[in-house]
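Order of writing sets the labels: A, B, C, D and E. Residues in every chain begin at 1.
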Amino acid sequence: MVEGVVELIKGNFSDVEIVIPEHQEKRVHISVEKEKVKEIAKFLKDNGFRHLSFITCVDWIDEGKFELVYGLYSYEEKIVVLIKTKIDRDNPKQETLLPLWDQAQTYEREIHEMFGVYFDGNPGLTPFILEDWEGIPPMRKDFDSRKYSQITYDSEAK
Amino acid sequence: MLESFRGGKVARWFKGRSMWLLHFCTGCGAIELPPSMTSRYDLERFGIIPMASPRQADVLLITGYLSVKTLKRVITTYEQMLDPKYVIGFGSCTINGGMYWDSYATINKLDYYLPVDVYISGCMPAPDAIFAAFLELREKIEKGEANGYKLYKIHYERYKANQDKVFKNRGIIEGED
Amino acid sequence: MGIKNYFSPVSALKFLVKKPVTVRVPYEKKEPSENYRGFHINDIEKCIGCGNCARICPPNAIEMVPMTEYPKYKDMKVEEGKRIKKIPKIDYGRCCFCALCVDVCPSFSLKLSRERIQVETDKEAFVFIANNDVSYKDNLGYVANEKSHLLGLKPKR
Amino acid sequence: MLFLYNIIIVPIIAILIGLLFLGIARKVTARIHRRYGPPVIQPYFDTLKLLTKEDNITHGVMYMLGPAIGIAGSLLTLFFIPIGKYALFSMHGDLILVLYLGVIGSLGMALGAGDSGNPNAAIGVSRGLSLMLSYEFPLVLAIVGVILKYNTTSISAIIQKQVTSGWWAIFVIPLSALVFDIALQGILGEKPFDIPIAPHEINSGPMVEYGGKYLGMLQIFASLHLFTELALFVDLFLGGGANIITFSLKMLVVFLLAIFINAIMPRFRMDQAFKFYWKWPAILGLISLIFVFI
Amino acid sequence: MKTYELFIGPQHVGITGNFSVILELEGNVVKKATPNPGFLHRGFEKLMEMRGFIHNVPIVCRICVPDPDPNEANYAMAVEKLLGIEPPPRAKYIRTIVLEFSRIASHLFTFGGHAGSIGLYTIPNWTISDRDFILDLFEMLTGGRVYHIFIYPGGVRRDLPDGFIEKAKDVLNYLEKRLDDYNKLYFDSYMFKKRARGIGIINKEDAIEWGVTGPNLRASGVKADTRKDDPYAAYGELDFEIPVLTGGDAYDRIMIRRMEVVESIKIIRQALDNIPDGPIREKVPNPMRFIVPPGDAYVKVESSKGEYGYYMVSNGKDKPYRVYIRGASMTHGIHILEKLLPGNYLADVSQIMFSLDVCPPEIDR
């Protein structure tokens, strides 16, 4: 049950903000400091949340922050927990989750490529989907895809 | 004499009767190819079969959008095919960008980079449209109008300049020396 | 796993004498369904030139052009001080045949036909002004009805 | 004069019939797939188209000679196999010779493909040679069975003895015929033994770099190869043929069997094919030999 | 022994779509596999940020081409969650029917692909042509063969046309009959077992740890299905089973899909019989000004490939601020392939990929 998970987290971590979203069943959103992510992920993994659904990133350009979102799922409780943390946009660094889940590699590589976030301790942040990409990572809000497309693909070379 | 036979009417007739296409799923249009090649529509009735290797193929299907990463391979593949070779552009994406007209990863106009012999409209083109395209291509081959591969040689400089514009590292395909 | 499993594939040979399922396109025609989303038909007389279709089009395939660009109305007289009605010009190099434009058309003038085959060598031929003078104008496919219309309008009788 | 005439006419007939058989195979397979399939003469179109393509690629001399060696090997084999009433070279021991010559074609292919420098081709060649190693053993067992039964190594003599006794060898030594047929599936490269050219694994294997007229020559080689191997089976086990038509019909029956198996079987993995060939056909071949001795 | 590199893809027959795997081979055995995705990258997440909520409806279905409808349903559900609305019951049932037909179609495609990868070309010819009858149904219902653009935020686009229920039942009966033919030629046959048994085994613990989802997870013995655990559309009201196998090899991964086809046929029959009357769409904002209140939501559906998740953030404007799409193949195609391929023969590489049902457009997006 959702309440049980909330109790469990509250009992072990003090400065964690927990939101149970409206209209959405079986979802718990928690916001933590970026240093605490690994600790809380490990705790949740030991408590049944063994499936890492996804890691993603939201670019809050007005605040100057990147928000990393980790989705964990428990096959026993059947609840999705989203761990959210905000990191500095100018110096985007975050500890890797590789020691906990091997497959975090895929998601971290993608975020590194699309947003330019560095994951400390992840050795394999090589180009993933794009090839020979130069300039700002394309998923950042200040990258204008429409303009880039017009310049690059809508005219012939001279 | 051999040369004139090669480009002659009889040879072209055979070429139109036996179009081997390259098995290269470049985009989402590839999803309508299996239905047209298998039992329900059966492209093989016209001697059209998929080939595994570019050396053996006559027709290159650009099935929809091309990301720049794929375009690099497509051009390598196209250059590996033996003359005469033909290109069919599938659906809106090859004509003017289609759905992905403002995407940073996909090209908009295929004919900047490769000569296209026949375009089909639609997003997905239905199997009937695919048949219509192949029959149109056959007709063009028989008339000797499908000269894309010659144009590619004549205007090679222009095509190459356009290709270089979108490739930041031309020629370096991962693992290729 | 019994001995049966070694020889059960032989049953596939029965299809040697059965009729194939192939639809012999183009000799046999496969009819598109009742509400197939094919090429556009626009009743220019009915069109009010609101531009809803151009705004909703996800790939920006529709451009509103003055009615006089269409050959039939080329010599139409325009009264002083009145704007020329604009009609949609559709680029099939962009169109994704989603029919959203049909579902927001307040005058119900824009419709989709069941025609779906267009093969061209020249890519300029894919841009055209939707009109009512095409050969497939009676072959109606996707037409907005009151349940599908996104603005909740009802077609007038 | 007639001899020279035959030397030209027989290969042409063989190629035409071989290509026709390939077309029949495509048509029959299509019917099992529940579709109509291409016209029966489609392989002629394909071959002629391939021969008229331009060749702007080469990979060296061996690459070009490969298909030529293949065709030469198959032609040579063809001359020693009696086809209907045509028996160009016939002598004692030609069965042994045919066994040797039959390999030349495949080896030529292997040499040519090995020179193309594509790893897929290299894997295909190694698979092809391993497959050859697998089916040669049961094949030899089956042929030894025939030789011992009729006490001769001349194909013409074997046919003669079958015709005079009134019993085809397939009824006298059925197990040997079965073993030969299983080996034939591998020789013809039909499923479950089309391992060397598996498109889903190695992109059509040895001929991955072949195109244009070389591929056309390979097509001709394939039809000749098909014709010789089927002719050998018909000669050894079905009593040859009085004329080319009955001979072709017998060949067609054998070929259709192979095509049916081809249509309903997935492909073996190399190790599985090897194990299979050295197990069941080998055992059956040995049993057949024992029967022949008794 | 010397190792050498072999490229599988992007132009290769034995690959699911446009994808590439770089293999390091020692003789015939794979030593190391490095998947190289990105050939189908279109930047969907960026495109969706640039377009309004209604403009995204035709786009999302292009993410996974063989199985487009879970994307539409997922997108619609995410918007509905943010709007705080529920689709009417009739719309839910129609969605269920569409989703399950899409699942069957996708599974038929997978059977064809897998059988083709082991060389049995009769099965792709049969299954893909039988899938075409389902596409005909879709065409009748939605007007499009492949891309349906049918499930809208708030409901579905059109009501069931006249005669749809009868035609759908005919197709289901036909498919059931055809399943027998497939069984004889393929699922029960000795050669299929010989090729697929023991290939690419994922055990139960690894499956959970590596993030395997969907049919592949159930083939490894975990009974988990979003349709039961987190019901959406009308699945909560319908009666169906979740098949589970324990082998975790390529054979079980294909067999579990066959069992799912049988279950899907059952679900569609129930949905067709019990479909309630009523409206098909809840009131949503005007499409010209489709404003969604700020917030974020994670929704997921069970697609034919596995768990499909959409994480949507809205900042109160008419465009989504961020959409993240978790494709099922994201793990299957990269991480799992890297783990499974080493140690297998080259001949089984394509078979493993097809049995995992890797859909490259989901990875690249």
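In this text, a residue touches a chain if its C-beta (ideal position, glycine included) is under 8 Å from a C-beta of that chain, and two chains touch if they have at least 3 such contacts.
Just so we're clear, the structure is a prediction, and the values are computed from it rather than from any experiment.
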{"item": "Chains touching both chain C and chain D", "value": "B, E"}
{"item": "Chain of greatest Cα-centre distance to chain A", "value": "D"}
{"item": "Chain A and chain C: spacing of chain centres that average the CA atoms, whole Å", "value": "41"}
{"item": "Whole-Å gap separating chain D and chain E, where each centre is the average of the chain's CA atoms", "value": "44"}
{"item": "Where chain C and chain E are represented by their mean Cα positions, the distance between them in whole Å", "value": "28"}
{"item": "Chain A and chain D: spacing of chain centres that average the CA atoms, whole Å", "value": "60"}
{"item": "Touching two or more other chains - residues of chain A", "value": "130-131, 138, 143, 145-146"}
{"item": "Multi-chain contact sites of chain C, meaning residues that touch two or more partners", "value": "9, 12, 20-22, 24, 32, 58, 96-97"}
{"item": "Per-residue multi-chain contacts in chain E, two or more chains", "value": "5, 12-13, 38, 41, 43, 46-47, 50, 58-59, 122, 125-126, 129, 144, 147, 185, 189, 191, 364"}
{"item": "Chain-chain contacts as defined at top", "value": "A-B, A-E, B-C, B-D, B-E, C-D, C-E, D-E"}
{"item": "Interface residues, chain C side, partner chain E - complex", "value": "1, 4-6, 8-9, 11-12, 21, 32-37, 52, 55-56, 58, 96-100, 103-104, 112, 141-142, 145, 147-148, 150-151"}
{"item": "Contacting residues of chain B [partner chain C, same complex]", "value": "39-42, 45, 92, 95-102, 109, 111, 116-123, 125-129, 131-133, 135-136, 140"}
{"item": "Residues of chain E that touch chain C when the two form their complex", "value": "51, 54-59, 122, 129, 136, 139-140, 142-144, 147, 149, 157-159, 161, 181, 183-186, 188-191, 193, 280-281, 286-288"}
{"item": "Parts of chain E lying in touch with chain D, wherever the complex brings them together", "value": "4-6, 12-14, 28, 115-122, 125-126, 129, 185, 189, 191-192, 194-195, 345-350"}
{"item": "Touching residues (chain side chain C, partner chain B) in the complex", "value": "20-26, 29-30, 32, 58-61, 91-97, 116-121, 123, 126"}
